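Input: a single structure, listed below in structure tokens.
Read from first to last, the chains carry the letters A, B and C; within each, the first residue is number 1.
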Amino acid sequence: MKKSAFLGTLTAATFAAGFATAGTLEDVKAADELKCGVATGLAGFAAADAAGVWQGFDVAVCRAVAAAVLGDGTKVKFVPTTGKTRFTALASGEIDMLARNTTWTFSRDVDLKFEFVGVNYYDGQGFMVPKALGVSSAKELDGATVCIQTGTTTELNLADFFRSNNISYEPVPIETNAEAQAQYLAGACDVYTTDASGLASTRATFENPADHAVLPEIISKEPLGPLVRHGDNQWGDIVRWTLNALITAEELGVTSANVGKTGMEAGKNPEVNRLLGTEGDLGAMLGLDKDWAARAIAVGGNYGEIFEKNIGEKTAIGIARGLNASWTDGGLIYSAPFR
Amino acid sequence: MSALPDPHNQGFRLSQLIYDTRYRSMTIQIVAMFGILSFIGWLIGNTNANLAALGKPIEFGFLGDQAGYDINQRLLDYDSQDSHLRAAFLGLLNTLLLALLGCITATILGVIIGVLRLSKNWIVARLMTVYIEAFRNIPVLLWILIVFGIMIEVMPAPRDFRSGEASMMLFDTMAVTNRGIYIPEPLFSGGFSDFSLFGDSALRFDVSTNLLIFLAVLFGGIYGARKLKKRADTIQNETGVRPTTWWQQLLVIFLPTILVLWAMGFHLGYPALKGFNFAGGTYLRNSLIALWIALSLYTAAFIAESVRAGIQAISKGQSEAAHALGISPGRTMNLVILPQALRIIIPPMISQWLNLTKNTSLAIAVGYMDLTGTLMGITLNQTGREMETLLIGMAIYLGLSLLISAAMNWYNNSVKLVER
Amino acid sequence: MPDFSYVRSEMLPEKAPPKSEVGIYGWLRTNLFSSVTNSILTVVALYFVVSLLRGVLPWAFSPTWGAESLSDCRGILHELGREGHFAGACWGVIRERWTQLLFGFYPIEALWRPLVAFILLGVAMAPVLFTSVPKKLLWFSAVFPFLCFWLIWGGSIWFPLAIFAGLLLAGVAFILVTRYSGSTLVGVIATMLVPVLWWIFFTDPVSSAVHFVLPISLEQVESQNIGGFLLAVLIGLTGVTLSLPLGVILALGRQSDLPLLKYSCVAFIEFIRGVPLITLLFVASTLLNYFMPPGTNFDLVLRVMIMVTLFASAYMAEVIRGGLAALPTGQYEAADSLGLNYWTAQRLIIMPQALKISIPGIVSTFIGLFKDTTLVGIVGLFDPILLSTNIRADQAWNGVLWELYGFIGLVFFIFCFSMSRYSMYLERKLATGHR
């Protein structure tokens, strides 16, 4: 019998004080479920649809890991986290991994004791203004009221930018994207600043997107990526190489449509074979089986497919690949080789 | 005579610890203390083990680090290079500001509404009932969001002032925008410079010498006027003729104050449209105003109910007696009913003030940078020190609550009827 | 004899009262325009009501029930010639998302479960709320929390029943041990030990074994999927039911003669009442796991429920203390003079009366708690307000605000208003006793 998820862990663990964590992989396998921290609702990256099913770019990473480890991309428990709760949720073991467009910074990596396994989205902080304002550069924003989403690195970048350019501004910190948007549209702030991807996804939902412009300045580097706790290297490797598998798959032309076939016919490209487990046994080194990467790719497609489906140019969010193109196309998305 | 054994000579038996009422309470207390202490010890031990495993033992050094973020509504000088402690201090001041403003308006509104609810005017009484029920039965967080939404969506944006769609109020001295309200600001062009308390530390506090001088002169004037009135009273008591002193009183209060203000170069700074925003004047942010209005209206509904209960508890004979003496209804309320009802009203009012103070922590929902927004918000997010920040934050709120209730209980005791 | 008399021999017919005192005119005069101040007040109030209705009603009457998105709404209103920001409400969002606002992401095919739980809740509450209902139903009230837990979260029915069995065992242990050892104290100790041992060592194997023989189970629902008003009601109810016994203990502790117990209770109550609920929720979401042995991990909903229960118990303790204080001293003295000991006096004389007096206070604590559940959105649980934010994150409904707030406010109002009316009815009914 599967124990009641609600009280089961309490009764089992609270009283058994010496209950040591055997390692995240064992825990995930034992629970038959991956607990993945996501945002509480950010269009294109993580949001529950009308049926309550989570969709988005970050969500797809969770599903890929679940498919690699448990063999089923639906065995994910999505834990919505806020800017405040996300790190404690990960540190306390409430979630096994965090995929919530989190910027990889020195202090988070070193001081907060987390391990960023890679970058799934290269972002930078930008500004959006109404075209009617007649502003063409962020340096003209002296005295402007700026809406920012709290709980991110955004407010620090903003303070640094305005300080270094010696211009004044007035910050309006806001908890959620939806609130910020309402304020921006009503003119309660002149500028809305967040990651450029967020700006694009926000602008896409406006009644008249053409009335608003994203300024050319990108004032920060925001490499966003999934992260895990320090100290469990095996688990970190699994998440890192699942992400790498998605990236490599795009590079090698392995898609969700052909992943079954390529694997079966034992293609000519040895790296594809190593990736899909028809040659060598990379999976065993991770503590998984041979087909782990094939399953991860099959569940939502390779990196490019995930991008196109959730936030790409054909979606309402409409983000161009840009920096996030594969390195073979001049972007920054690059994976260490599978060998 | 056979020797009956003396029951007290049996010596102490262990079972007495349980069955003897002399010892039982001691036993229970020791057992309880043991239980409580070991429970607390268990919690602390767990916490230490967990934090050690994460490699972040409790330490408060991060408070001295650079905060790195800006605060929009602030009462003192601050910039992003200041420390987290300074940011928390400013947040605390914002909390106090909101609590003070809210308590004052909630009390005034609450008393008025509580009285109006008992009005004989049918429509006014009904309207007040609807108001009270609506605010008491809908969560305050929702009210804050609704008022904030109205502020943002209904008030004109600064750009409307530029295009002429909206205009300033009260002879161009005040601007109501969806970013907040700009009102004229008192300024001194001369006089003395400000002096700074606590030097350069995180708690530094600039005090306007001019303002202190002004207040001192004002209170001195009021004191002088009272003296004059008292003398007039004495003269009236002795001679039966009251000297006319009203103009002397006014003179004593206003002449020195006006002179002092003039000497220090007092003038008002008016807000004016400049760049993206209004500049000059005192700026009350929309988040502050939304919180102020919503918390006042919400708490006023509860205060109104206790005011009503207090008034109704005063026996009807009191008002009938007042009417029989020919006192008008308004004066009956002011002179007879309310002073008596006040004793009943004050205790629930104190708890409403406490509630309001605690509810200021909801400021986080609309981006007002109070203690929850700075120390337990951005500082927590940036440093990842949830244990330390929450401990400090809770201690501050607790201290605030205890302080308010202590002050109010003292006041309550001082107005209490001396019982026979 | 002259045919006139100085004294009227028959009654004069009653004159109609002056026009100004009766009928609509009279009513208006006495109730609305009795004096100059009143007339001004009336006019101001009328103006306020009319302008409010004129603002809200045209907006609210808007034929957009069938709309699929906000742009749909704008289209419909545009065809009617209504333009602008406040042209009309977009009710389509309520039609499409009302189940989500009420139940969160609870699986649609399992919605009958919370509904059944809600109906059973009514049955379980009946003997507590209304005196006319047979007291035998109280047994059902005792089982109900476990049944409700099973209905909402699913899983095997034997697990909650096994936990309930622990409580039954506690009762049995108390009776048996007291009888055979002859000491109440030993009985009390046994009552505390037996269920804890049962819960730690036997609940799991026993419920698994029974489940193996007789599998009755519902599909599990993750607590992440529970949201909206369902979550609010669950948190509020748990908080109040669990805080009641805790509150009684704390209130008695606060009145105790034992200084150590007394000051521990005072410290706990004042601490909880002195800090905002939101900080306690932060503790639930970020710190509670740190207080537990390393490796412990439990659901955020459960953690929030624990903190909310602690929060409510401090307030409950004060309500019950008020009830205890309202009892005339004669009641205590009567109990003492009958030779009843502390616990018997509490059980038979003090508590039944004190609790009865406290019922209105308990109900208002519950109303307050129920409203405060909106704060759990700040720590990431999908309360109705956070759900409305989530709905607006959907492209189709981006920008819909007042419709959602209106709906949420209305549902809260219906819940809380009916409860406060019930509490007033009780207050009137109970007002006879202690004067």
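Everything that follows uses one rule, which is that contacts are C-beta pairs under 8 Å (C-beta built on N, C-alpha and C of every residue); 3 or more make two chains touch, one makes a residue touch a chain.
Keep in mind it's a predicted model, so treat the numbers as computed, not measured.
**Q** Tell me which has more C-beta contacts between its two chains, A-B or A-C.
**A** More contacting C-beta pairs are found at A-C.
**Q** Specify the chain most distant from subunit C by Cα centroid.
**A** Using the mean of the C-alpha atoms as each chain's centre, the farthest one from subunit C is A.
**Q** When the centre of a chain is set as the mean of its C-alpha atoms, what distance in Å lies between subunit B and subunit C?
**A** 28
**Q** At what distance in angstrom does the C-alpha mean of subunit B lie from that of subunit A?
**A** Roughly 43 Å separates the two chain centres.
**Q** Just give me the whole-number Å value for how far the CA centre of subunit A lies from that of subunit C.
**A** 39
**Q** Can you pull out the residues of subunit A that are in contact with at least two other chains?
**A** Within subunit A, the residues that touch at least two other chains are 84, 88, 92, 175, 179, 182.
**Q** Show the residues in subunit C shared as contacts by 2 or more other chains, in ascending order.
**A** Residues 282, 286-287, 289-290, 292-294, 378, 401 of subunit C touch two or more partner chains.
**Q** At least two other chains touched by the same residue of subunit B: list those residues.
**A** 50, 149, 153, 364-365, 386
**Q** Across the complex, what residues on subunit A touch subunit C?
**A** 1-7, 9-15, 17-21, 40-43, 47-52, 77-82, 84-85, 88-89, 92-94, 175-179, 181-182, 185, 204-205, 207, 316
**Q** Flag every residue of subunit B that touches subunit C in the complex, lowest number first.
**A** Subunit B residues touching subunit C: 18, 25, 28-29, 32-33, 36, 43, 46-47, 49-51, 53, 116, 119-124, 127, 133-134, 136-142, 145-146, 149, 153, 354, 358-362, 364-365, 372, 376, 386-387, 390, 393-394, 397-398, 400-402.
**Q** Under the touch definition given earlier, write down the residues of subunit A that touch subunit B in their complex.
**A** Contacts found on subunit A: 83-84, 87-88, 91-92, 108, 111-113, 132-133, 141-145, 150-152, 155-156, 158-160, 163, 169-175, 179, 182-183, 186-190, 230.
**Q** List the residues on subunit B that touch subunit A in their complex, please.
**A** Against subunit A, subunit B makes touches at 50, 54-56, 68-72, 79-81, 149, 152-153, 157-160, 178-179, 274-277, 279, 286-287, 364-365, 367, 369, 373, 377-378, 380-382, 384, 386.
**Q** Touching subunit B in the complex: which residues of subunit C?
**A** Within the complex, subunit C touches subunit B at residues 30-32, 34, 38, 41-42, 45-46, 48-49, 85, 185, 257-261, 264, 270-271, 273-279, 282-283, 286-287, 289-294, 367, 371-372, 374-375, 377-378, 385, 401-402, 405, 408-409, 412-413, 415-417, 420.
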